Amino acid sequence: MIIVLKPDATEQQITHLVKRVKALGLKPMISKGVERTIIGVIGEEDVLRVQPLEIFPGVEKVVPILAPYKLVSREFKPNGTVISLNSHAAVGGKPLVIMAGPCAVENYETLLAIAKSVKKAGATVLRGGAYKPRTSPYSFQGLEEEGLKYLKDVSKKVGMLTITELMDVRDLDLVERHVDIIQIGARNMQNFDLLKEVGLSKKPVLLKRGMASTIKEWLLSAEYILQNGNFNVMLCERGIRTFETDTRFTLDINAVPVIKGSSHLPVIVDPSHSTGRWGLVPAIAKAGIAAGADGLLIEVHNKPEEALCDGPQSILPDRFAKLMGELKRVARAVGRDL
Amino acid sequence: MIIVLKPDATEQQITHLVKRVKALGLKPMISKGVERTIIGVIGEEDVLRVQPLEIFPGVEKVVPILAPYKLVSREFKPNGTVISLNSHAAVGGKPLVIMAGPCAVENYETLLAIAKSVKKAGATVLRGGAYKPRTSPYSFQGLEEEGLKYLKDVSKKVGMLTITELMDVRDLDLVERHVDIIQIGARNMQNFDLLKEVGLSKKPVLLKRGMASTIKEWLLSAEYILQNGNFNVMLCERGIRTFETDTRFTLDINAVPVIKGSSHLPVIVDPSHSTGRWGLVPAIAKAGIAAGADGLLIEVHNKPEEALCDGPQSILPDRFAKLMGELKRVARAVGRDL
Amino acid sequence: MIIVLKPDATEQQITHLVKRVKALGLKPMISKGVERTIIGVIGEEDVLRVQPLEIFPGVEKVVPILAPYKLVSREFKPNGTVISLNSHAAVGGKPLVIMAGPCAVENYETLLAIAKSVKKAGATVLRGGAYKPRTSPYSFQGLEEEGLKYLKDVSKKVGMLTITELMDVRDLDLVERHVDIIQIGARNMQNFDLLKEVGLSKKPVLLKRGMASTIKEWLLSAEYILQNGNFNVMLCERGIRTFETDTRFTLDINAVPVIKGSSHLPVIVDPSHSTGRWGLVPAIAKAGIAAGADGLLIEVHNKPEEALCDGPQSILPDRFAKLMGELKRVARAVGRDL
Amino acid sequence: MIIVLKPDATEQQITHLVKRVKALGLKPMISKGVERTIIGVIGEEDVLRVQPLEIFPGVEKVVPILAPYKLVSREFKPNGTVISLNSHAAVGGKPLVIMAGPCAVENYETLLAIAKSVKKAGATVLRGGAYKPRTSPYSFQGLEEEGLKYLKDVSKKVGMLTITELMDVRDLDLVERHVDIIQIGARNMQNFDLLKEVGLSKKPVLLKRGMASTIKEWLLSAEYILQNGNFNVMLCERGIRTFETDTRFTLDINAVPVIKGSSHLPVIVDPSHSTGRWGLVPAIAKAGIAAGADGLLIEVHNKPEEALCDGPQSILPDRFAKLMGELKRVARAVGRDL
């Protein structure tokens, strides 16, 4: 941590600061420049992070040197994490993982029909929401426990793994019993109590990026989960909020290589929510793979006209099957399998 | 709702759409223009809102006509809501309400000292966090139940009302028993299960705006609370996330008159979080009042150097007392009392 | 255009509006709903676009139906534009076009060395700034005419085409005489006098997206150029400004398929400015191609440590050569050549 | 400037860096910490600013210590600048300056009528665009020279000063001859050639903030003007682009006290463009004054229904006159005159 002093900082103020830094068991290194004095602080930066040094008289700004996260960083674990889903599927290895299915679990028949088609096209994980975070209280809120059961039954029948969103700490047990991967949605990325609870779970967690969260904040939210003992976390880029209104969100494609550089956790791209328009899903799915993502989360519906949520961004099973062929070629071009 | 068709929409597609609209008990009105055909839909728009009409073949876009919220709208209730806090304090009337105190409850003595000073300066409500939503798991997470008790004891001693943040549905009972106003933080603005729970509470709720939430989404989150029966909701603008980095957030001052026009709920401005710098708090507090806010939420600390959170944005008791005098003059200039 | 009236709009107000619409030679279609009356306007929407109908008493909002641009739209020209650069190079066809070179032309020798290496690796167009739009007046401002001469001499020597940025209408003649493609930078995307002037030029124009411009505004800026007679415009996505600070800008990858859907103009992706970090350039270059871009604009420098601008985002000639091999594979995977 | 090294930086890399820093006439100060080595650089930071030190092997990041601007900074000139407009009007002193008028000069009669009314209500400067930067080429582009003449004639007749926007360097002479204050619009904030030219003018300049420009970039654009000799610059906050769509832009009210702290230049607030809705103008105008602005720029039109641009954000002369009374009270409450 580096403390930059104001041009008119007094000797007394500097002495006061130095004393405080020493009291924390750290070593201050003073450099007096022509226009500014700076104090470099050596030692465990964490001790200082909680101290509001900006507020000390004479201080202009405080510059942290180290990244604020540890367990999720690539410095902590240089090799990429590979999360084993079952005996023949894993996230983060050479093969990509495709998760597909409807936005929400609507009924058994529809789920089964969609599951069969995405399984046939090559998807490994069936997605489907039982608890839906809806902007409006007047929108469909999900089938809850009934939806979880359909997910479990259908996935067993077709031979797929499952992922669903958990919104409320009180539903954790139920969700754990029914699905293979727990999704934390964008709106709950900083629901810290929820993060702590899934940190105690044994299930892999897919953590979506908050729509206005920086990559740093996203990694810190993942840190909450790892810190509680669950290292099986994958990060899902699903678009951030910008001024552009032609698409629902703006996929931050830069985030894929940035995360790959800063963290050992696998990265998933969601081309459905990040665009909000089914016609854009294929192009963005391919871009995600080309940028280095370890998998995709795609909304597929056999009757988008009747979908109870996110119809406009769901692609048809046929388009999905065709896309899988296209993705295979892009995957190979960048040294991955599908 | 208006459905705009593509230039090449076929008669068959139009018939298909019209049939669907009628099946929902609504009345379609077709207008054929030179370049486009449009269908105006008359009837309860809510029925249509959950239908993904954008996905129908031949449809270019769907334009909602009505605001998606009802109970929070000024059309629903033309007169502004006045929330009674006790026999002599209310939010939304002519007198402004000032809520002040430390970011977090740290210990009894500090809280008491700060409470005495803000009470003396004219604040009505004591703020202080017992559960703290911290970006990093390594930051101070709050005193929890102990903090709630300090809040209750101190407020009784000095004669103030209290506000604290609720983060987890499991803590609602405890929070309800100890404080007068329940705060829902920016990070939980779309934690819908939490909104539903406080909707069942009898306590007034202060709902902070999510840092990337539109005004429409914010009002829809409030709608969740009102819909469950709790009409005592006040909205708190606390800054949105933009590209500007000189301040922690960007206070959306426009939101104050926009909300006043669209909704009957009172509006509170938080000049501390929206700037992140104590030196900016007085100017922004005054601007908030001038723009029409019904109150302010301000962080005050007697030793910001030692504050366990948000020291850089807390003002000293003396500066707060001086600010109260300045605010009084601005309040009167815009026809309010303080 | 659709005019939505307020719930309390009077008959008199409606009559006033209808009269105005008719006076403009248009046909109003009134639909009275339960909660709102709407007026659909049939005829040339442009006539209405300049009328501030929102301001009429009784009007709640006005919803345009047609896109505000014409000449750049795919409706106007269903087939994609292919811009011929010379007898064997074109932008917008099956082969991709790679433009590479230093941020700024610094001196003859450096430019020559870089040009040789990018030409050898397969780039077709040499980029290099002679006029530099620098945020600070204290930064290197470019070699101006001398730089243009170096570009011309070097490109002839190595057999490449050239592109450089034009900032000032007074330099148009000089720039036209020396380079093959005129670049309009992000900061000048809405410098309308400059757009009008290059609209009169015969040279192809690469129009960068403004860092806070919507896709609609970008297309309208291109419309200025086409409207003056120059149809050889390519659009360059170079990152938009968002709240994320880990990268210099956020590449809006969604914009590639969006533009492909709305316009017939070719799209170029700039992975250098949109990331600001050389380590991210390869991943983003591949993503751009996978998403459907027609070409790339990449900063390459043989001594980035000594570059007079944008060193941190320039890749070395060796890395560029390796990248070209990787891009070839991705290009083929999506049906393009390189 | 502080150079933070990577954890695995070698001695050789450090030596290489140190050599380079010394070669620039600066003094490196090395501090070896437990996890990182940092190098503080003492001396003229500007020398280093143009060096891409981030690119050196072993460097993790480079942190500037000093603000990148000089002449506009409050450190350079501790007292606020007061720009004299004529013998009895100045910007930056205790009295506020109100600039009002139509968006565009449309014809002599309309301009005269509006000028009379705003003058009577207390405005000092008449605004009106002769050259209009319009997003669409199909919108009204301004009366150009004819408009400048009307501005001059009308202002003489009613006894006001004038302000108009300059868009093209070729029009500078003409604009200088006709108006008192030259406005540089948001879209041209980084049109550096234009900034350099008005830097050579003797007329006061009002520099609007770019819609996606940080405060730092805005101050650097002002630095271009001061550096060329023109110190009579006022900064106009007119709203930045954010995700919020209920208003045209988001007024960054925080910018007012931030600029007051960092710079000696006067600040003007534009409540018309920053909201885009006439109903919000009064609240935001009052907020601007309460936050410390030195003046306002307000669009007023006597027939907004017929205005050729920006009708929806123009207020009527009567509302403006009433607003002036309200502003007077707020101005006094914060120690200013009107």
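So that you can tell them apart, the chains are marked A, B, C and D in the order they are listed, and the count of residues begins at 1 in each.
Criterion: a contact is a pair of C-beta atoms (placed from the backbone, for glycine too) under 8 Å apart; a residue touches a chain by one contact, two chains touch by 3 or more.
Just so we're clear, the structure is a prediction, and the values are computed from it rather than from any experiment.
Novice: From the centre of chain C, which other chain's Cα mean sits the farthest off?
Specialist: It is B.
Novice: If you tally the C-beta contacts, which comes out ahead, A-C or B-C?
Specialist: A-C is joined by more C-beta pairs in contact.
Novice: When the C-alpha atoms of chain C and chain D are each averaged to a single point, how far apart are the two points in Å?
Specialist: Chain C and chain D have C-alpha centres separated by 26 Å.
Novice: Quick check: how many Å separate the C-alpha centres of chain A and chain C?
Specialist: 31
Novice: Between chain B and chain C, what is the separation of their C-alpha centroids in Å?
Specialist: Roughly 38 Å, centre to centre.
Novice: Spell out, as numbers or ranges, the residues of chain C touching 2 or more other chains.
Specialist: In chain C, the residues touching two or more other chains are 212, 241-243, 245.
Novice: Quick one: which bits of chain D touch chain C in the complex? Just the residue numbers, please.
Specialist: 46, 49-50, 52, 54-56, 68-69, 133-140, 167-170, 187-188, 190-193, 210-212, 217, 220-221, 223-224, 227, 241, 278, 304-305, 307-312, 314
Novice: Tell me, which parts of chain A touch chain C in their complex?
Specialist: 212, 214-216, 240, 242-247, 250-258, 260-261, 274-275, 279-280, 283-284, 286-292, 326, 329-330, 332-334
Novice: Write out the stretch or stretches of chain C touching chain B in their complex.
Specialist: Those in contact with chain B are residues 2, 4, 7, 29, 31-36, 38, 40, 42-45, 63, 65-66, 75, 241-243, 245.
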